[in-house]
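Consider the two complexes below, in which subunit A is the common component and subunit B and subunit C are the respective partners.
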Partner chain A sequence: MAEKSIKQGVIKGIIKLTVILGASFVLLFMFRKMLPAPTEDGYRLLPVIGSRVWVWIVAQLHLNFAAFVLGVPIFAVTMEFLGWRRSDERLDRIAYDFTKLFTLAYTLTALLGAVLMVSLPLLYPKFIDHMMKILGPTWWVYILVMYGEVFVCYYYFYSWKRMKDRKGIHVLIGVLLNVMGILMLLITSSWVGYMTTPGGVSETGELVNRWQAIKTYMWIPLSLHRLVANVVFGAGIAAAYAAFRFITARSDDERAYYDWMGYTSAMIAIGFSLILPGIGYLLGVEIYAFNEQMGIQLMGGFFAWLWVMQAILIGAILFAVNYYLWISLNKMPGGQRYFKYVKFLFVVIFLGYAVWLTPHSVALSLEEARRIGSYHPALGKLGVMASKNTAVIISYLATFISFAIFRMSNKEPVVSWVKTGQLIRILLIVGSSVAVLGLGVYSYMVPSVTRVKVLSPIQFGVFFLCIVALYLLDSRMYKGARIIGEPKWGKMPERSQYALIAITVTFTWLMGMMGYMRAGGRQYWHVYGIMKDTSPEAYLPSHGTASVIVTIVTVLFFLLVAFIFWSIMKLERFSEQRRAG
Partner chain B sequence: MTNFYPVVALLGLAISLISVFRKSPFFNFIGIQITVYGLLKSAALIMPPLPGQVITMYMAMSVFAFLIYFSIQEETFRAFLEPMRAVLADRDKRILRVVLVFILIPLLAGYIAYAKTKPSFEPPVSARIVHPEPPQQIDFRGKTIKILGLENPLRKDTEKLKDYIEEGKKIYYQNCFFCHGDDLDGKGHFAQAFNPPPLPFRGTDTIAQLPESFVFWRIAKGWRGLPPGSAPWDSAMPAFEDFLSEEEIWKVILFIYEASGNKPRTWE
Partner chain C sequence: MKSGVLKLILVVIGLNLFFTYIGLDFLPQSESHPPREIKIQEGISQDDLIVIGEKIVFGKGQCMVCHPMNAETGMRAPAIATIGRDTKEHAKKEGISHEEYLFDALVNPSKHIAEGFDDIMSPAHKPPTSLSEGELIAVAAYLQSRGERVTISYPESLSILKEVMKKEGGS
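On to the complex of A and B.
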């Protein structure tokens, strides 16, 4: 596919987008004429599954793909840049492979977006009229940016080989692509921000100030959270792709390359996920600042059970990442030396996981309720944020140590100050762990506001300082280190690849569930406090129903992703045959 | 029965230790799971028992985590699978295989089916939310009070604060003490009669986690103001708006925080 000329490629992309958009408008127009008029309060009910479930599934699928096509270019360009500066062909290849992935995913993203674009005005005409009245101009800017993004994306992809000798300019095109992506993300986040934490309108929903309607409480923290989560998610999908290719590889060379690709992608995913809790915290603070009731409902009220599920899954992801790193020691010459440390890391992560998933709200039988009551001393202590923040930071620190061990396991430092360096490393790890634990315990004794605004940021700060210091120390200590042997890429058991796939599936499910919680925080409002949802579906579904729908979305998403993987493999085979024949 | 669980934990530990010496990760895994289960159940010796839901969660985590642990190194993983492979494939394990496939597994399946279908007179497990969300506003004897952002008006009057706390103490002993206790530990005279028992106010993980507006709402509206997720039918807390004035409720709140050594949660 990359053999096409740049012009042909770009024109193809633009035509594709225009056809999709044009078809959507035509379909919308036709359906409006054909379907019966909406109810008096502005709804059309989709039979069988209902309008809400339909929009939920389509919107989440569209969002998953959008996250992918916005997240992957960030690290594709970074890889291309690094490959160019270090003259590393392998980095350039991985960047190109990532680009192949997201260019193919663009079409699916646009198609799903088109389905959503047709569904929303048909099923919720009054609500969409309101949104257009308040934020209509942003929609037209969105279309313009979308054209810009498609142009740059296809240009970036189709010019890859032709601009081999002008890498600097090509990287700049990639940067422009990311600027476009971030603009799109900002626009769409402003819509969600307005629906959840509205501003700039009167109590009756009349526009007072459009900029205020865009610049809501949620806008920037949500955009930041989505931006980072998109990178994590995109890298996760790339890791799953690499794992899939590893499992189906026919040669050792292929296995070696996809093993390396899986490792690189997984480390990008987990690296960026380190900052997600901090940004999530910021988002939470803004929601509380907008409306305390919404904050309590999201964190401790009706949605408390979903946080327990979230905790279980995030803990499982951390375990799977560490598992992958520990298994990876098998392929490192000299890696065996470090297995003795794995058991300590395991204990730390095991205990961290136990604290992290301890629920505050519990399901009790009558007998248990009689004996325990509503308050349990252990669950009361471990089920609150003070302990959870501490547990997750310690677990992240242990994960970083697993990563550091993997990186240095095939090296032997030769600097004269090795012993001092190792002592400093121990002091850094023990000192920061003690500091984080101490701050965690002290958090129980101070007012909540001090914990939220002072101690928790300090805990995260200590953690980041520690990992930066460890990274710098290792860089100095292992400079010019004796290499025991090169990593045996490809020498990994298949179960390690299933761990990568499991991480990505869990991320996807979590994204769906967290998205539902964020939307559910509005309860029976389309626009919180401004426009009520008066449809028969204006109720929060049970957690079981929500989980089933999120699971359906996840399965559908991976079926579509599998289709993309299959298409790439088919195209590759086709290109190979053409070259051979 | 509770005294029996430390023995279970010790038995598990013994299996685990023997398995380490005999280099059998599979039985080490089994021993560890028995130990973890015994320890979780033994917690009831020093505190109220852990709920079944929490034990299930911890056990699932333990199984998941240790399966991971025993599959990190190729050799250990092979040794871990060996007993299963041997039972399924070795000729000399034929009797064990037959017993397992034709007797033990059907018996287990039968028992599970029986346990799931036998009639039970236990009410269904209640998934109660400990920290319910307050409403935006409440109707207090015909007056609308906005709960969001509400502050204790008496706290600003620093000169009279001591007097208010003293008055709050009297109100507490006339109204709350019977259930919530002399020591504010939720162990009042009537406490044993309620299911679930009244909440304690001591400790940094009780009312210190709540703003005063929340406590005001709970006292004023009692069980009937709880949202459905918090199972209002599972609470005996009266709606004190029927017995106390707005100011009296604020006074008793001052006393509860003062006497328990806690500070209310604030956002700024």
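On to the complex of A and C.
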């Protein structure tokens, strides 16, 4: 596919998008004529699975792919830039591989978006009319930006080899691609932001100020959260791709490359995921500022148990990452020296997981909360945010230590101040852990406002300061260090790759569940407080039903992703045969 | 290679089944339906009015999301158990009747922030809570019953509520 000329490639992309959009408009027009008129309330009910489940599945699948195609270009361009500046062929190759992945995923993203575009106005015409009345112009800007993005994306991909001597310009094209991606993210986040924390309209839903309807409480924090989550998710999928290629590799060289790609992608995913709780916290603060009840409903109301589920999922991700890093010590000459620390790290992460899993309350409704109290009947206040925040931070710190150990495990520092450096490292780890624990205990004694607005940010601040300090310290201490041996990339047991896949599957499931919670926070409102959902499906399903739907989405997503992986391999083989021929 | 891919597929399916199992079997199951408007009959007894008010406080009104039953460290909003007595004291200080104070605290909560608390409550008669006049009176009667003698009744107290809403432009 890369053998096509740039012009051919770009035209192909534009035609594809135009056909998809055109077909969607035609289908929408036809279905409107063919289907019976909507109910008085403004709904058409899809038979068998219902309108809501259908839109839920399609929207989440589209969002997953959108997250992927918006997240991957960020680190693909970064890798290309680094490869160019360091003259590192391997970095350029991984950047190209990432680009191949998201370019192929574009078509599927657009197709799913088209299905959503046809489904929503057909099934929820009144709601879409309202959205068009309030935010209609942003939709047309969105289409323009989409064309811009497709143009730049295909240009970026098809010009890769032809512009290898003009890397600076090529990197700039990649940056432009990311600007387009961020614009799309901002536009779509404004829609979700308006639905959840509306502004700029009267109580009856009449437009007062369009800019206020765009610039809602949720807009920027949601966009930031999505931006970082997209990188995490995109890197996760790239890690899964690498794992798949590692398992199917036919030579040691291929295995070595994909082992390195899997490691790099997984570390990007985990590295960026470290800042997600902080941004998620910002998002929470904005939701609380908009409407305290909505915030509390999300955190401790009907969704309280899904936060336990979130803890199960993130804890599983942390375990899988640490397991992967611990196994990876085997391929590092000198790595065995650090095996003795693994059990301590395991205990810390396990304890953190246990605290994180403790539910705030076992009550599911306010009625139950009154009967059994708002705290856990046996564990009391151990399940409140004060202890959970503390446990999460300590677990993340332990994960960072696993990463730092892996990075340094094949090196021997030679600076004269090694002992002092090691002492500073211990002091940093112990000191910040004690500070985080102390702040966590103190959080029990202060009003929740102080905990939320002061102590929790300080806890996260201490954690970030600690990891930055550790990173800087290690960089200085290991400068010019004696290398015991180069990492033996590819010398990894297959089970390490299943850990990478497990991380990505769990990320995908987590994204599906958190997306449901964010949308469910509106309860029985299409637009919170402005436009009620009066359809027969205006209720929150049981957690079991929600889990089944999230699983369906995740399995479907992986089937489609597998198709992309397979297509890439097929195209590569085709190119090889053509070259050989 | 084939067995590797098979194992990979098993990991994907196995994890999904595991998470579904937790969702279905480990988490409590309940649906959350939109609240219905509660019709209050004219001339309803105060006891019945209080019972309905309690139901709204714990259900449709979502008051317990922020208000705890009994005072506790870190609470976001005043405790319900003594709210009748507490609001009567505040009403006395402001030189208004207890009924008027309670209604005003429901429709104009920003005007009556108890000391040590933030301004976080939205007017109970507006979306998303959207309590009807009858429901507001029932809630006020329940709140008054927490530590005080109940003087609120339906429809007798309706005129005071309407006056409060009119005065504050809250209707």
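Here is the rule we go by: the second predicted complex is superposed on the first by the 565 of 581 C-alpha atoms of A that agree within 3 Å, B and C clash if a C-alpha of one lies under 4 Å from a C-alpha of the other, contacts with A are read in each partner's own complex, and residues count from 1 in each chain.
What we mean here is this: contacts are C-beta pairs under 8 Å (C-beta built on N, C-alpha and C of every residue); 3 or more make two chains touch, one makes a residue touch a chain.
Values in this document were obtained by computation on a predicted structure and should not be read as measured data.
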### Query
First (subunit B), second (subunit C), both or neither: which does A:302 touch?
both
### Task
Check the residue A:354 against both partner chains and state whether it touches subunit B (first), subunit C (second), both, or neither.
first
### Query
Just subunit B (first), just subunit C (second), both, or neither: which does A:323 touch?
first
### Message
Quick one: is A:502 in contact with subunit B, with subunit C, with both, or with neither? Answer first, second, both or neither.
### Response
second
### Query
What is the contact status of A:558 with respect to subunit B (first) and subunit C (second): first, second, both, or neither?
second
### Query
For A:203, is the partner it touches subunit B (first), subunit C (second), both, or none of the two (neither)?
second
### Message
Once chain A of both complexes is superposed, is A:243 in touch with subunit B (first), subunit C (second), both, or neither?
### Response
second
### Query
So, does A:342 touch the first partner subunit B, the second partner subunit C, both, or neither?
first
### Query
Does the superposition put A:315 against subunit B (first), subunit C (second), both, or neither?
first
### Overlapping contact positions on subunit A, where the subunit C interface meets the subunit B interface
288, 291-293, 296-297, 300-302, 305, 312, 362, 364-367, 369-370, 374, 444-445, 447-449
#### Entry: subunit A-facing residues of subunit C, complex
1, 4-5, 7-8, 11-13, 15-17, 19-20, 22-25, 27-34, 58-59, 62, 64-66, 68-69, 73-76, 116, 118, 120-122, 126-129
### Message
Per the contact definition, I'd like the list of subunit B residues that touch subunit A in the complex.
### Response
43, 47-54, 57-58, 61-62, 64-65, 68-69, 71-74, 77, 122-123, 125-136, 147-149, 186, 195-200, 203-206, 208-209, 211, 214, 227, 229, 234, 263-268
### Summary
Given the complex, residues on subunit A that touch subunit C span 203, 243-244, 247-248, 250, 288, 291-294, 296-297, 300-302, 305-306, 308-309, 312-313, 362, 364-367, 369-370, 374, 444-449, 451, 494, 497-498, 501-502, 505-506, 509, 523-525, 528-530, 532-533, 538-544, 546-548, 550-551, 554-555, 558
## Note on the structure
In the complex, subunit A touches subunit B at residues 288-289, 291-293, 296-297, 300-302, 304-305, 312, 315-316, 319-320, 323, 326-327, 329-330, 339, 342-343, 346, 349-350, 353-354, 357-381, 383-384, 444-445, 447-449, 493, 495
